[in-house]
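Two complexes follow with subunit A in common, the first pairing it with subunit B and the second with subunit C.
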Partner chain A sequence: MFNEKIIDPAELRHWGGKIELYWIYTSGEAGDRFFKALKDEDKFIAAKCKKCGKVFFPPRMYCEFDFSETEYVEVSGEGCVRAFTVAKLDKNEKPLEKPEIYAIIDIDGTDGCMIHLLREVEPEEVQIGMKVKPVLKDKAEREGKITDILYFKPS
Partner chain B sequence: MSVGKKDISCPPEAPGTPLKDSDIAEKKVTYVEDHPDIRYAWTAGQAISRFLNELKKGKLIATKCNKCRRILFPPRMFCELCYKPIDDWVYVKDTGTVQTFSISYIDPDAKPLEKPVIVAVIAVDGASKNMAFMHVLGEVEPEKVYIGMKVKAVWKPEEEREGSVTDIKYWKPIEG
Partner chain C sequence: MEVERVSGLKFHKKQDVAIVGAGMTTFKRRLNETGKELSFLAIKQALEEADMDLSDIEMVVMGSAPDAFDGLHMKGEYLLDGSGGSDRPYMRVFVGGGTGVFAPIAGYWHVASGLADVCLVVCEEKMSSCMPHPQSAFKYIWDPILDRPLAPNLIWIFALEMNRYMHVHNIKHEDIALVSVKNKANALDHPCAQLAEKITVEDVLNSEPMALPVRRLDVSPPSDGAAALIMVAPHIARQVTDNPVWVTGVGWALDTTMWTNRDLYFPRYVAEAAKMAYRMAHITDPRKEIDVAEPYDPFDYKELHHMEGLGLAKKGEAPILTREGVTARDGDLPCSPSGGLLGVGNPIAATMGVKAGELYWQLAYRAGKRQVAKEVTTGVCQAWGDLMQVGTVMVMSNKR
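Moving on, here comes the complex of A and B:
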């Protein structure tokens, strides 16, 4: 039987490769309005269906239940915690110095919600139903992205 | 939600919002972008590792199965017909025969090439039937290439070789 093995790893060869991926994803018309209002006016925009009255957050151009148009309304951006999870590892599975709390936040005055970070609160103190409010970046540093909201904190 | 016929009206067409590259460049619209760094390494395995290392020495190596008596090229560690490990390493010649070829006028990005590239499957002398590998032909005009043409490898100088198939620059026709 021919059972030759490679003993020296330097003898073993490989090919390296890289997959090029690059994309730009625009916010769309309603999303654009939301981010621009957040960036320039510190405002939170939702969209109310002209027919059924459902309030979408983040805003949509059309109601997904009866296809009628929506109108933009301003909301406070405050809300309450619907669900949360505590992350102790980062995305590369390295332990975090301080755990991060991710929460689904039901936004007041809307039927929608937002997933964001909770800070200025200990993981043990977070409760479902807890009232929270957003903390925004300095106006000069805002880019029109979801990270313009730094985190939510108890109100 | 109720199912069935509903009183729904929707616009006959949704025209959309056309965007120009400049709208993105001038940040007229909000967007997110990403450029993930996705890398991989694919090991060559025992047989191809040795094949590549032998290329650096200017040699073509194959493996041999003593049961079906075939010379396997490019080499592999297992005979797929006899379903058993191969028995030995053997060198094959750096001459061969064009089995099939294709003339490419464009590069991998579909850009026109100044000079067309002739890609050929070359059956190497010393290896068994149906054993061949792909490479490029040189020192020959595309219209002069034919199936069955005898060719010989043109190697890079030894100091420039790096253990890659590109250590053979191209294959050129053998005169006569």
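Moving on, here comes the complex of A and C:
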């Protein structure tokens, strides 16, 4: 009944298939402002709810908890490590030449966090709560993307 | 269509369900806003109309069609924060194009069961993200072995179906084009419309051929947008409005996946869904008891097809009713007074705004310039989708 012993698909009539689509993603009212400020002005923008005062980072045009509008506020972009991992394999499970440290970073002055790389620090030196700051690409090379932040390093 | 009378505990519910607010964004290509932001904008309007805050919402139903449009797997979860779903029970439903009426059906069962007294239903679609064209995504709904190697395009199916419908009932393209003329003109009064215009039958017949008999003006456009509805229990409805609109019946049904094996000229999936909804609403003669209808009109012939499936016209009779003006906004059975998908636009799931949303506005006498001429009590809205085989139907009434 069960065909589990057929492990070579060539034993059966078979067809290959690929889903050939691509997408253009935009970052929205608030996201656009965030990336343009980062690219052109070295600034980090967050959004503060006009009702509950929660500060969203990256910014949003609405507060997800009470659907009030938000106002944009500038923050330093610095923060501290909330959690981290030392990755030895890449996204396709191939060994990385050099392990990468990924951290969730609590951004100062906001209720938000972001995931990014930690560099200029050895894995055994990283501690939860450690202060870190962003290292940006040279202005001329920036594209208005999250990778305009190269990584975070201890501050 | 004959519908049996139902008595006893069939379709028993815990409480009645009313719609007390609706909102929608403009339908057009909206590169700037994210799907989350579109959802937020539609919900804000619905909350305002219902005089409510997000904190009044107990549960949320999100409707959005294929993940392939936005290019995100688990799209429902991605859209959650703009959909008001954080920190409350939230679910996404999708049956392709049928989602625009299926999502409010899901909202209905949330409230009718007594699980929620206030349920927000929001539908979103952002088709413009998908490249090279939203149409490309439809390639991958076909059977990968039997259909896909022939490189079909979605318009093919509709062309084949339209061809069969015209052949069986001896219908002329001129009569079908009248639907496009009517709906695009109706859309002139809709503030959210993408393709509102005064056109003629000749314009339709001379427009670009896509897959004959289907021409460009027989078809609704791809679009971006969102729509929202607030569905509540009777004791809440009484607090927030004097004009609630009651959901009196819901129905849905699917025909076989093998679309080649269907009748094509008659949408059985709509007829079965309609019978379920009519039984629940105690409607035995839809032609006499329905005052206003929003049949799903992604193509002009589809409005006619669906009117027949909904039992609003006999088989082959819908084009005659259209020609005689019965389905016009000042006719005896106004159909798509919103302007429909042909006129307002077709952001798949978000067409809830011109189907369930419009029916609510008509029955609440809140449709403004689009308000139909006749007095209305009961109406029906319908959508169609999945692999062209699902019918979703909702009956509403402003009398309880």
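As a working rule, the second predicted complex is superposed on the first by the 138 of 155 C-alpha atoms of A that agree within 3 Å, B and C clash if a C-alpha of one lies under 4 Å from a C-alpha of the other, contacts with A are read in each partner's own complex, and residues count from 1 in each chain.
Criterion: contacts are C-beta pairs under 8 Å (C-beta built on N, C-alpha and C of every residue); 3 or more make two chains touch, one makes a residue touch a chain.
What you see is a predicted model, and the numbers here were worked out from it, not measured in a lab.
K.L.:
Looking at the overlay, what does A:Pro95 touch: subunit B (first), subunit C (second), both, or neither?
P.N.:
In the superposition, A:Pro95 contacts neither subunit B nor subunit C.
K.L.:
When the two structures are overlaid on chain A, which partner does A:Lys145 contact: first (subunit B), second (subunit C), both, or neither?
P.N.:
Only subunit B is touched by A:Lys145; subunit C is not.
K.L.:
Is A:Glu64 touching the first partner subunit B, the second partner subunit C, both, or neither of them?
P.N.:
second
K.L.:
Contact-wise, after the overlay, does A:Thr26 reach subunit B, subunit C, both or neither (first, second, both, neither)?
P.N.:
A:Thr26: touches subunit B and subunit C.
K.L.:
Tell me the contact category for A:Phe35 with respect to subunit B and subunit C: first, second, both or neither.
P.N.:
In the superposition, A:Phe35 contacts subunit B only.
K.L.:
Classify the contacts of A:Leu12 with the two partner chains as first (subunit B alone), second (subunit C alone), both, or neither.
P.N.:
So A:Leu12 only meets subunit B here.
K.L.:
In this superposition, which partner touches a larger number of subunit A residues, subunit B or subunit C?
P.N.:
The partner with more contacted residues on subunit A is B.
K.L.:
Which positions of subunit A sit in both the subunit B and the subunit C interface?
P.N.:
In subunit A, positions 15, 17, 19, 21-29, 31-32, 62, 65-67 sit in both the subunit B and subunit C interfaces.
K.L.:
Would you pull the subunit B residues touching subunit A in the complex into a rising list?
P.N.:
1, 6, 8-10, 17, 19, 24, 27, 29-44, 46, 48-50, 52-53, 85-88, 163
K.L.:
What does subunit C use to touch subunit A in their complex?
P.N.:
Interface residues on the subunit C side: 31-34, 36-37, 40, 43-44, 47, 53-55, 68, 70-71, 81-82, 84, 86-87, 128-132, 136-137, 140, 144-145, 148-149.
K.L.:
Mind listing the subunit A positions that touch subunit B in their complex?
P.N.:
Residues 1-6, 11-19, 21-29, 31-32, 35-36, 39, 62, 65-68, 144-145 of subunit A touch subunit B in their complex.
K.L.:
Please give the residue numbers of subunit A that touch subunit C in the complex, ascending.
P.N.:
Residue list for subunit A touching subunit C: 15, 17, 19-32, 60-62, 64-67.
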